[in-house]
């Protein structure tokens, strides 16, 4: 079990958003987290990462309690988040962004291998490596965000809505890439594009109003009435 | 006379030509969707139309008047409303007050009339129950509705929808689609929309689709035709639409 | 909003000043800080910008009346109205000029720009020796000549108190008009999200400029009342003293930024507080203002009236604007 | 015909200290987007540090500069955690106002602790006359120290990992967190460095003001630092240093010029020019001299 | 009980001088009370001094004066130190018709406003350098050029302009006339101007800190002259402590020095009244007060004497008028001529200034500040021309 979240509660200020959430992500698998807007998917990822402080509950990673660990420590442990909105360094070039991705000591030693690896995953980025990140198109930025995250050599990759704003063609390419990445890395994927997400995922969780309402193998969820009605618009 | 005419608009960022001689038109009461791959210039185009950017070449005409050099707020006064992709309400005003701001400054109503109009529009988009709630307390979905209501209260002739479907799930997209269609039909407002790569909504809503690629318009026409154009399929959709 | 409570306060202070002339000095001091808070609030409270160069507008008022008294003796008694108008015009004109360009800047840049303008004006007056230069304007002699000794002394005592109270009163009226009209909505919108306000058809510079100019004109009146009229002197070093903004902020934050009653409550507390400390811990008096501002900003940014308002039912809230 | 060379030399020497003093301001602004309106008070604290080290232990300012840097960094840390961090969440207005009040408060406390009197000291290590201007070796050393500090800082920003992490935080703090940078620590350390540079500047300043150390001495330096930092580009530390030299020349050459033109206050006229430049830059070239 | 109020400048910029002023006034009040008080219309009345700290802030001083009058109902005011403070307080005295003695402040403008209730007890600022210039003229007819630097404040502006006019009247050529801001920390540009001009005489109109700064900078830039004189700074004992032998030869004009000898005998000789303590009594009383207030032993300087004079003049007026009514007291003073340890007092009835007061010139000689002019009061001869900076730095003393 790479990641285990137990009875996690969290929120902003006085407003509680998550209510006793529990979920697990297996080694080298893709776990999809789906749900309507404002359900708390992003909040879940942010709480796991430590950007939002958990209120209660427990988060363990490879058996270590990491509940209150700050984000930069988690990156060192091997957890990394591709946040909503990409959060690139706009005035640095593509390559500088990637180098920053390998900021932590553990990753810095493997800088060149990692660069080769992400450039093979995203050849497009290699073409643009001297371009400022801020001027990339939406799709390229998304690729760069994922690539930058991989540069830190994570063992757990949290991805928030990678398909947002991407053209249909790019979305399917991207999801294929995740399958490739999964060979080495555990992935937790938050997606609006429910059918596509569940199609690549191994396990799925449905989050509504800050509570897990449904979970199981991704294929089963795709077939469930609840998911079909609420998320696939069938 | 066409409501909106975009004539040969060019916009460069340094060496990059983001828009390269774009021309198209929007009729009154017409719903036009702009689609295209990432980086094709859609957002830039919208920004030129509503005055965030000045184009390097070409003109933008609204009701026959050249508005190329008008600042954003002046365009708003002419009847161009924009609903933001990321909703930006005034969090410490109530829902109703947010809409009143739209009615006064965009719609040109006096304060008294604006209150009535706002009430009406808030009910219209289905936020009636939340009218006196602070906007900061709304859910994301409700914020989208507020964003629409605020734009509507401005008595727009042209409603610019900047990816208003982004982040909505299929069920919500359906509701939103219905509401927008209702607005276009009942109020006779034209709409220009970036529908964030949601083809289903495009097909349901748009009278006409403008497809962009590398800063140019490469196809234009009714959704079913434009979206099945082989070039469009190749560069944008990946597989044919239905 | 219902402006009756604040208006009544100013009116009763005016009556009190006439009934109890020996208290008029204290009343003038309290009223000065109230009105200062009021004027500062119109701009800072309503727009969220800080004008650290605030003193420049007090100075414009001071010099307006001062210059009239010093250099237009042929006008006689008329130097008073002419001077007041001149001060307001100088301050208003300066505000329009600065505001039209500088209000487009982000608030941090704006803050620097205003400090710079305050200093620049002072340096220009001293450096180029205009309006008395570094010697300032010493007006006692001219006032005796123009108004007659007794009238001059009367204007200097009672007259200045009345002018200060009137300024506070007018500032409340102005805030009320501003708040209850479109401008109120516009300013609220701008304060919360300026870019969104722009696309909604609000011209932010216009409304910020409105608030800025109004605030400046009231400051000018205060400047006229305090320096040439009451003290019968205008010196560049005192009129352009940056510290006034700190007093204004103290009063405003104490009462509650963005509220009208706040400045009144703030003034009523601030003056006795300073007097008390001045009386019993004279060495520590100058600590009061900065410490108070710092603590308020850190721990009670809403101020007394601000806090009270959040606790009052909606109906009553209107009465404590 | 007057000989301007002495004035020019004076401008260069004094200007380098102005530059150093302004660097702390631009450094903090560049990273935290906060304008430290309490700046001058830290200059004052630096000057007192130098004073006490000199009169109590006869340490010359070139040595107490390390003490100044250290005290400044400690105060910077305190400042960050006590004021900047909690208030940034509320808004820019609150941070600005709190810093403004803090500046005043520090000066008042200094007055209570050290008294209102003007104090000073002279560290005399000889001098050399250069075409009518006597350069004190102490001041020359001060100017050299200022230049070295400016250069070291630039190296730090572009050649070290910490420098890179600072630049990442500037561009996107959330993104920086995501690559494993402790953003809070970067902000705290940057505030510490910024204030440390400022107090160090205050220490060196004492080499130029034989008398003049007093609790309220900081205010003019806040204003000068604004002019210099804006001229140099608020985010550019090297720009600030160079702009400091220019400002030194404006003041130093302006005096004989305006005085011979018959102005009542030649010094104020030079300052006036400085502030006009400030305002023009803010309006038309907020990126400063050295950026397009 | 006669109550005198003062918004004393005991903290802030003027704290050093402001405290001497306060203690000097206290010494005078104590002496009067110890001697039974004041004979006011046949009744012996005690005197009380109320003070509040105006922090060297002009506006605060004015508002304190106002509350001393309206709340504490004082009979008389004593001005705070510093012309900028005193000029701010003067309209308050006038508005409320309370007689104020101006001490530690001498800007001419204070007395040009046509105020009835403001009286000065020493010479106006414009006269400060007169005796220095007179002295140079008489000992060195070859001296030609004068450079004047001045702090751009209420007091020093008048010192400088008075010096300029007087110098020109005496046939000097004024080659530099440069202001610097009162709170400045760098006067190199001004000093370079002086250096360029190679003047015979350098006059600096300054207060304490800036005076010391100018001295230091003259030294650093090695600007020499036959005579260097400053107001205020060289009269403060700390000046010599801070500068050591660099302060040698520096000249300063003073209103009063403990070494100056005005005595009841002298008064009798002149056929005028003597009032108040003798010089030695005053020094005694002052040292007691200073000890009590600060724990230190302090010798009174001219500020202290001046402040005492302010108190004494008011009380002499009360005694002569037999009343505390300000109009009567002023009238009484306008018609008097009397002497105290500080000198003679005779009032110009229109502007309230003391016309009988004259100043002395002091010089640092061998670590002592001695009176060198006028010759009648001199304790030592002027050391002229001055030693050079390098000689002084090497430890040479200006012993004639």
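Going in written order, the chains are labelled A, B, C, D and E, and every chain counts its residues from 1.
Convention: contacts are C-beta pairs under 8 Å (C-beta built on N, C-alpha and C of every residue); 3 or more make two chains touch, one makes a residue touch a chain.
None of the values given here were measured: they were computed from a predicted structure.
Touching subunit A and subunit B at once is no chain at all.
The minimum number of touch steps separating subunit A from subunit E is 2. When the C-beta pairs in contact are tallied for D-E and for A-D, the bigger tally goes to D-E.
In this assembly, the C-alpha centroid of subunit B lies 79 Å from the C-alpha centroid of subunit E.
With centres taken as mean Cα positions, subunit E sits 38 Å from subunit C.
Computed centre separation for the pair subunit A/subunit C is 54 angstrom, with centres defined by C-alpha atoms.
Remark: subunit B and subunit D have CA centroids separated by 49 Å (rounded to whole angstrom). Across the assembly, subunit E contributes 11, 152, 179 as residues in contact with two or more other chains.
Each of the following residues of subunit D touches two or more other chains: 111, 264-268. Per the contact rule defined earlier, chains pair up in contact as A-B, A-D, B-C, C-D, C-E, D-E. Chain contact summary for the complex, subunit B toward subunit A: residues 13-14, 16, 36-40, 139-141, 163, 166-174, 196-197, 199-200, 235-238. The touching residues of subunit B, when paired with subunit C in their complex, are 50, 72-73, 76-77, 82, 84, 88-93, 97, 100-102, 104-106, 111, 150, 154. Only residues 22, 25, 29, 126, 134-135, 138, 140-141, 144, 153, 156-157, 231-233, 235, 238, 278, 282-283, 285-286 of subunit C touch subunit E when the two sit together in their complex. In the complex of the two chains, the subunit D residues touching subunit E come out as 2-3, 6-7, 10, 14, 111, 115-118, 120, 122, 127, 129, 132-134, 136, 208-212, 214, 216-217, 220, 251-252, 255-256, 259, 264-268. Those residues of subunit A whose C-beta lies close enough to touch subunit D in the complex are 49, 51, 70-72, 75-76, 80-83, 85-92, 100-104, 107, 148-149, 151-152.
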